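Chain lettering (A, B, C and D) follows the sequence in which the chains are written, and residue indices restart at 1 in each chain.
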Amino acid sequence: MSTLHTFHPTKYHVSIGSWQPVLRIAPGDTVVTTTIDSAGVDQHGHKVNIAGNPQTGPFFITSANPGDVIAVRFDRVVPNRAYGHTSGRLAAHVVDPDFVFKLPPERGRAIWNVDTEDWTATLASHDPIEPDLPDFKIPLDPMVGCFGVAPDRGQAISCATSGPHGGNMDYRGFRQGVTVYLPVFVPGALFQLGDGHATQGCGEIAGTGIEISLDVTFTAWIHRRDQPIFWPRADDGTWLMAAGNARPLDQALQHATTELVQWLGEDYGYSTRASSLLLGQCVRYDVGNVFDPAYTMVAKIEKALVEAYAPRR
Amino acid sequence: MSTLHTFHPTKYHVSIGSWQPVLRIAPGDTVVTTTIDSAGVDQHGHKVNIAGNPQTGPFFITSANPGDVIAVRFDRVVPNRAYGHTSGRLAAHVVDPDFVFKLPPERGRAIWNVDTEDWTATLASHDPIEPDLPDFKIPLDPMVGCFGVAPDRGQAISCATSGPHGGNMDYRGFRQGVTVYLPVFVPGALFQLGDGHATQGCGEIAGTGIEISLDVTFTAWIHRRDQPIFWPRADDGTWLMAAGNARPLDQALQHATTELVQWLGEDYGYSTRASSLLLGQCVRYDVGNVFDPAYTMVAKIEKALVEAYAPRR
Amino acid sequence: MSTLHTFHPTKYHVSIGSWQPVLRIAPGDTVVTTTIDSAGVDQHGHKVNIAGNPQTGPFFITSANPGDVIAVRFDRVVPNRAYGHTSGRLAAHVVDPDFVFKLPPERGRAIWNVDTEDWTATLASHDPIEPDLPDFKIPLDPMVGCFGVAPDRGQAISCATSGPHGGNMDYRGFRQGVTVYLPVFVPGALFQLGDGHATQGCGEIAGTGIEISLDVTFTAWIHRRDQPIFWPRADDGTWLMAAGNARPLDQALQHATTELVQWLGEDYGYSTRASSLLLGQCVRYDVGNVFDPAYTMVAKIEKALVEAYAPRR
Amino acid sequence: MSTLHTFHPTKYHVSIGSWQPVLRIAPGDTVVTTTIDSAGVDQHGHKVNIAGNPQTGPFFITSANPGDVIAVRFDRVVPNRAYGHTSGRLAAHVVDPDFVFKLPPERGRAIWNVDTEDWTATLASHDPIEPDLPDFKIPLDPMVGCFGVAPDRGQAISCATSGPHGGNMDYRGFRQGVTVYLPVFVPGALFQLGDGHATQGCGEIAGTGIEISLDVTFTAWIHRRDQPIFWPRADDGTWLMAAGNARPLDQALQHATTELVQWLGEDYGYSTRASSLLLGQCVRYDVGNVFDPAYTMVAKIEKALVEAYAPRR
């Protein structure tokens, strides 16, 4: 019998490590909680932590042990305040080096009204002011920018970056309804989450999504399997996704592709050659982020297609 | 008054350069022609050229001059024979270096039945045989893998690779209905095309799409504008797209992003800061290829969104 | 008055973080200590720790505070046992991806006799045995593969990798006689060191130097200056060196070059343009490692040249 | 019996391709000739060609055929005029992207007096003027920045970049006394050369060496061997060197390392494992250029060491 926990965070961490758990949950339990924004500002507009993608958690999942895999389903991901903020300039490293001379020198900042009734974000003000985008309005597509589990070897990894443990992947696909799979490195897994975005372009090329605090409900369990996994995986019902985190993007793509090939082999019985035929003609890639110290590339394949031709069903 | 040309190629080139034009066309003219497959095999199954993405053309577009931009609309892109072939293994450089030890050593090869009635490709046979994917069937999505214009400085660039002139970009989005824009480096532009794929996964990670000969109809004209362009651009009515070709993928992304920012500025009046706000939250990226010597990344943005908020309309 | 400490380590860490200091030293103090090898084996051949570049320390340097810079001079770096070991195969990621198929599948391992009288290392045995290199003998050039200070934001960073805090840079130039400069992120700096190599090729392309335990004597002090530094710097009397740690190597080179330009400006008065003229014609680069998760590139310039033309002397 | 040719060029090419040979030479012949500088200015200060590393040649080497390897020894490489010029600013892509905002926006240009008696270059003037480096004087170390052979598949490759055929590698080690080995793609090999530098820092990070016209004497022959080579190799008596040309630098390093391993195997009998032991502890890397479209990395090993332990001697 699973339990529904409601957790009000009072303390946050800007690196993902083996911190004191804030709550112990059993596999199958659901947690209703909140996250503050990347700058440490909560749903009431109060700055309650230093900036840097402060994380809610860690949550200790009982019976999760190193070598296991946990599954976390994002049941609900909804902004819990009426505004968000973004950077006002593309990052210098996403444009041609000689084009940097043409970028405005100040990074700038914009405020967006976020309306969860209309499900839209509207550009409200920006500094410096450039009245080029009056009434600029786009749909919401809330996501969790940074989440993960405590890494091994006593490491604590900055929430600016990402790795096999997850972290600051800033991928649009980590939204409500998705189930993510993460390798477990320490007892209890120690799951943490934060850095909500009301929406975000691919790559997070301006260095932010629409940064906002969130209401998040998630359910966690142990995903029993024979093999470990090496990179975050996800399933949204339509796509099987594997995320690789590294620089350059080429290496992130290698990690993601390899992880997806291994998934198809282990869980569906595809030989490497069969996966080559399948992925060669049908794989899709999404750019998670190209802003953070590690870039994120997601390799994905239609789940229905994988299932339809799986040698082992 | 535009002319409809029907052109039957008899000679092909495996590098894109200032070769003798095969046909002179006026801006606005339409050409009905064919391409042979990447291995030099035509619609009748005859090997008529050496392998290496042999190109039909070049077509001389009268009054196109260096500094101009040509537009080429792919009016029709349809396979003209009943089979295609693919590689049977992922490329070594798209997986983790240590995973290469687990790839089958032989590259392998598969034959696919291509049915333009059903609009499907079905795996017919492969060598070595691994009966993992019986009756594997996927939808067609034909595309032109390699096309471009003669480069400057007397260069002739291998059809294995790509650059500002276009070339072997292997991007799924270069399909029927799209209009591509290319910079002109030599009088007449000297447009060439080939390397059809019945479909292809993102990245062309096995090193091939379903390689096939094509019927292609295209219309070319001069796209009058004040500024030159630096990388291929495209418009399919839904998306404005800019392609960057380079390694690593990070650099291809920089080229594509910069080109898209410049497009929004020149043609729609967006300041760099306004483009940052727009693209930062709304850009999408597609991986063209990560197989060829130069990788291709496409940055794209919804055309309707760009038009709705354009400072200059 | 400075103190000479003799410190016998009994505990090691495989990540660099804010661990309990093992010794407090004053600026100017000298420490005589030992390091165990990367596999956790000490000078007596006893395995005393898990593998992964276990570090001696951390040493708390009194009065070192965040924003400061510490200097550490490696006064003595000498192997303290008679053998070392290396990997027996190039790493898969330092050769062409298609060449991986030709590498021996087992990594292998070799033992080397290390003679600090002769100052040579001689290949003693390897497994698998391939008698190609009988009596292969090379000069010693001992170095400290991994050292650094505790990073900020509560981070603890694996000794497999490197960053602004130092870490596993595996650079041949970090040998006896060099003074290294490191940014301070936490009170006391918390300096750690380990992973000795009797010698190593550039890039550590087989994944190891000749891994060995060391006697190390070092002297540490606070390097008073107005500006922070961002990456490890070093001075061996002949060269001014700046190390950048990142992937790809291009980015490591950007970090190293930028840090060197900033050094010439801050300490010698060179304008960016003057540095461009100087470095453009006189810079040298050394590849530290291309094996670890972050690669290391060192940009260096002759100190005498810098001093001879310094606007501010 | 070999012939000494004196050749006065009157025509140059800014791409390396199958151009009309200017001279036919027999294997073993020596050619005394000149090159103009990268801007197309000759020894008399006359601009005789468009800029872009215009090449002297091509020289047709009789009996050289595709699959062969030619050897070219640079017998003499000496500036033939009294001044050279350099860029006045580091390239935007060799520093951190955010540091570009701090670079001077104008590229600038400096003139250097080149004295082949004193064997020095002295900064004479620069624009914009910044009097930071009065009497800045450095030793000459003349080199040939760009040379190569005609590539295959009808290609003509811009002298801005490099590849398996050689090209604009801008490597300091291609100086007087070195013998370079190049693969042959077309009958006669069609060797070309140009882009002299009076000296240059590693990486050509300002985008130029001290650009100058040269007197060059070279001797060419066919290097008979059983296997083809894939990248330029060189031997200066002390080092065996292999050059890889690609981006990112990681890939250039992979090419160079692979080529060196193959060299040691083919010509000296080292197994891949033996090469791993040798290179793992003794390889050195030189950064050729990190400015051009393709970067150049050189892997090198002491020739005496290779010969001392060679299984096949």
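Here is the rule we go by: a contact is a pair of C-beta atoms (placed from the backbone, for glycine too) under 8 Å apart; a residue touches a chain by one contact, two chains touch by 3 or more.
Because the structure is predicted, anything quoted here is derived from the model rather than measured.
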Max Cα-centre separation from subunit D goes to chain A
Self-contact between copies subunit C and subunit D, residue sets same or different by half: same
Once you count every C-beta pair in contact for both, which comes out on top, A-D or A-B? A-B
For the pair subunit A and subunit B, the C-alpha centroid-to-centroid distance in angstrom is 32
Taking each chain's mean CA coordinate, subunit A and subunit D are separated, in whole Å, by 47
For subunit D, residue numbers touching 2 or more other chains are 93, 97, 103, 247-248
Residue ranges of subunit A touching subunit B (in the complex, touch as defined): 86-90, 93-97, 99, 102-104, 108, 110, 121, 123, 126, 128, 130, 132-136, 138, 199-210, 247-250, 253-255, 257-258, 261, 269-287, 290, 295, 305, 309, 311
Quick check: in the complex, which residue numbers of subunit A touch subunit C? 13-15, 17, 52, 151, 153-159, 246-248, 251
Going by the contact rule at the top, pick out the subunit C residues touching subunit B in the complex. 91-93, 97-98, 100-101, 103, 105, 248
